[in-house]
């Protein structure tokens, strides 16, 4: 850990932060009660975590091929991961996977029933 | 009961972190980070094996894909090779497509319509 | 050595699935598991402790005994592609069988019982 | 037809840019290969990036930067929110699916809104109804169930900025 | 871009993002192919990624949308042509050096794009063959209807 | 790198995943589980110094998953008995267990992990860059030294694709018209 | 030069068929037939050129030397196998020109056919373990697809069963190759043999033996692994049945077993005993099961299991006479079994059924088919002027002279059973009472020609037994198999032993 330049130390700090958020994300994946809540925790935290790691790599390695690849990857994740979360949530709702008992309101279900 | 389980889990996680960062000092720091990410994938395995519904498993595989991009990135700076990020990018791109296919199928539509 | 034995165990899990399951898709999956185990086995053979990826780097003269064995990797590359081919073909067969019998259960399909 | 050509040109230059950035080798063969590949990309997959005509304003760049800053702030907040929920032994959640009305019309604006909603605290877009301009949002900690209040609380954060950027 | 089949495919969000990602995936596949001899990857991985970019389009927009843009017959023919070209490469090697499939081109300077003789060329042929073939397999498997026949 | 510890972990992961995959009753879940197993295999390749394979395994895994999803038609075919008769299963398990126990003795002769015998590949590693001009030695092996294998590989893929198209023809036999 | 033709000619033919013949299907047959004829001619040229090269032509691919690359190796045994494959392939293709009119997708058929030929040629010629696996997969995958060619439900099931079992055992073979690689760090067969010779026999090698016997034994359809054959062979179109039964099980099974266990591992006694046991079991079980069949092609399928048993025990005896018998029976069985399958195809073509209970009295209407079937029957059951007699006689004599009298007696008795079940075919299909099935269509010209020529070959090929021919052409083959290490010794000078750098 010695003789690191300043940008490398900052990079490592961001990477560590990213990993911690990754960890919270998967913890949420295990702990939360139903698929929608899990999606909430997992998508947000893991996306942010991985983007953090990639940003850390960018800062660590500066304006090199590694850095730009990391940025490309980060942009891609930021764009696609909410979309896949949306696709899964919609599909799960259409497939009739129940929300947890703690749910207080489900307007989507009501609207779907109205349309029929 | 819930608090009790929370406490057991906390002990488990704390044990891992202590082992990783305090006890084993000879492992380089980068690899300790990878250890943490692999530990995370253990939770994903739990969700895959237990997951009551199909959607839970889809979430798990999607998250696994994003998680491993982090592993690739850390390997890239640990080994000083930029092509590990290539694999990470491929991983991100393709796992998105895989998730879309699974979601589309779960929705009850055939893949081509 | 324990890694090799675990690998062989995974192989046997695949064999178990392939000979005891009675669902066409599960049989295909079991064959896939066997393929995974063999691929992993081959790559495990190639690894040398502390060795690097077999890709040269400009301005860095890596000695030959500091890189992992490339031959098993080449073999696995081929074997992955072959597995994909077999999977696609078997999936096509399974779709066709499903069309004829409306089931994937091989006990309801006459000849596959044996 | 015209938008298609424009789209192809944009894709060509973007591809070339990305090629140069990710290879970082400025030799002539690499550049030529990049140009050829960008051409192939724009021919085979470049026709759908831009589908509508739009004029360029300097103002939009400013709003984009503002959006990005706000978005990053919300993203960090969202993550601390998740961390708080996950660590808490009793899981303080009150989930539900609510409706959000929006004024946006364009596909790209709606998509960005949905993505932003997904990545901000406690919300997740479940479905989108383009005709009625309604988003169905899963909210991990439901505060209001009324459509107007939810619209203000969830959609209001980004709607204006996105309207300026995309419409 | 005009979409004659607006009701097929997935929701608007997915369609919009697909517009942005498809060319990126395509470009990335080609990058993997061209850099096959410099970094991991090569014809097979790149070919699959290119095929998957079209699979992605099919998933998001439905098959009719894609079939307006590509020609099945041409894809099948291209696949066969690429395969023939690979064998012909081998024959040229046989003619020039006396060994089947031997390298008949100069090997160039190490670490540059134009090195490794016939390897980049073969990578491109393999990419064409693999991508066309695998997309066709996906297409035929996906559009096979249970009721027919 | 503590590769062997990671590999114990990943192999355990894969074994649990594959057993789960074979025992889960819902087929779509099975396919997803095998996807997870394949992804972790790809991770193992990454650690074992084979990024080529990690990439190829990963993309082929996704394609396989998509093909397999397509291979079963309806969502409704879910819960059913998956096992053959109990005696058959027990016989199979006993036979496989005995093979496993016997194989343990055989595997004692293997060179230990991390210290393989490398004879032929030594030359590839030393000379491939100069001889073939390829920076990536795996590519040099598959596309120059052992390209004949790759020709075979392409042919396998071609055969499989052609076979798939053949099997999915609408009608196989012509109706006999001269009756 | 001459060796790579066996690979690239059928390969190019297959690719060209896909490219050109999709709209005009008749071109497919022309291309396929031309390629088959080319291979047939070249295989004879290679066979007669071989003695001038000292019994071994070695051709490295890609310009490097073995063990750093893959070599194509032609010795007496592989050259002989090439001739067998190309003869059967040519006549099957010729027969298929008109037979395949009853199916759709003519170009698919011929492309897959050529790919199967490529795979078998590759397996025969290669000198590398992994390459053997790859080409075996080509042959097998095309075989799976061709078994399901008619896309009727039975065919699909048979193909699925075959594909499942084939895939499992192929994986086993790959695992065995992996273990061998870990121990010797090379893939060239001769080099593996050299390394093992110096290393002794570790316990690990027995695991490899087990995996290889299971793997190649299934391809050979030896008895505990035979379950796929009686389904797969009848389901395929008749020319493919002829190819599968005539050459595929021999190339991928018997040839690979012989090449690996005799030439590379030096014929270990354990393996020979196991093969002997499996061969005997195959003869008995296959023979008795085929007596009770009522499906024409299924009966022939079981008969194949039984006859392959003869070949395997011939080789497993390990004596020169036994190996000579094995080789001869391999050749003869390829001819008469393909003839019989083509006959059954002709019957099916004409009457649309294969059920012996519905057939009967066809000898007047299908004269050529009836006559050629008679020739095939006499050959397979070992009636003197026909070829089957000699090979079976040699195998039985070899058994007795090697001291395995019990097996010799079993083999002798089982050849009587062979006669019994084929006479059943004769009685129920061609002679006897007229059955319910009617002749709907005449057997066309190409099919007739192929059958007549194969029937003639049944007689002519007995001429190999003339002592001078036998001495010049068969004994070198026996020496190749028998001289336990001559394969390795011959290749050793070609091995590049240059030190690193």
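Worth a mention:
A, B, C, D, E, F and G are the chain letters, set down in written order, and residue numbers restart from 1 in every chain.
Keep in mind that, in the parts below, contacts are C-beta pairs under 8 Å (C-beta built on N, C-alpha and C of every residue); 3 or more make two chains touch, one makes a residue touch a chain.
A quick note: this is a predicted structure, and the numbers were derived from the prediction, not measured.
Summarising the inter-chain layout, the chain whose CA centre lies farthest from the centre of subunit E is G.
Of the two chain pairs shown, A-E and E-F, the one joined by more C-beta contacts is E-F.
Taking the mean of C-alpha positions as each chain's centre, the chain lying farthest from the centre of subunit C is D. Each chain gets a centre from the mean of its Cα atoms; for subunit B and subunit F, those two points are 21 Å apart.
Subunit B and subunit D have Cα centroids separated by 24 Å. Note on chain placement: the centre of subunit C and the centre of subunit F lie 2 Å apart, centres being C-alpha means. Contact with two or more other chains is made by residues 25, 27, 39, 43, 47, 64-65, 69, 72, 76, 79-80, 83, 85-87, 90, 95 of subunit A.
Among the residues of subunit E, those in touch with two or more other chains are 10-11, 13-14, 17, 20-21, 24, 32, 39-41, 44-45, 49, 52, 55, 79, 83, 87, 90, 100-101, 103, 110-111, 137, 141-142, 144, 146, 149.
Those residues of subunit B in touch with two or more other chains are numbered 41, 44, 54, 58, 60, 82-83, 86-87, 89-90, 93-94, 96-97, 100-104, 106, 108, 110-111.
Interface of subunit C with subunit F (complex): residues 1-10, 12-17, 19-23, 25-26, 28-30, 32-33, 36, 39-40, 43-57, 64-65, 67-71, 73-78, 80-89, 91-96, 98, 103-105, 107.
Only residues 2-3, 6-7 of subunit B touch subunit D when the two sit together in their complex.
Against subunit G, the residues of subunit E that register as touching in their complex are 73, 76-77, 79-81, 83-84, 87, 90-91, 93-94, 97-103, 149. Residue ranges of subunit C in contact with subunit G, taken from their complex: 11, 14-15, 18, 24, 27, 31, 34-35, 38, 41-42, 45, 64, 71-72, 75, 78-79, 82, 85-86, 89-90, 93-94, 96-97, 100-101, 109-112, 114. Within the complex, the subunit B residues that touch subunit C are 79, 81, 83.
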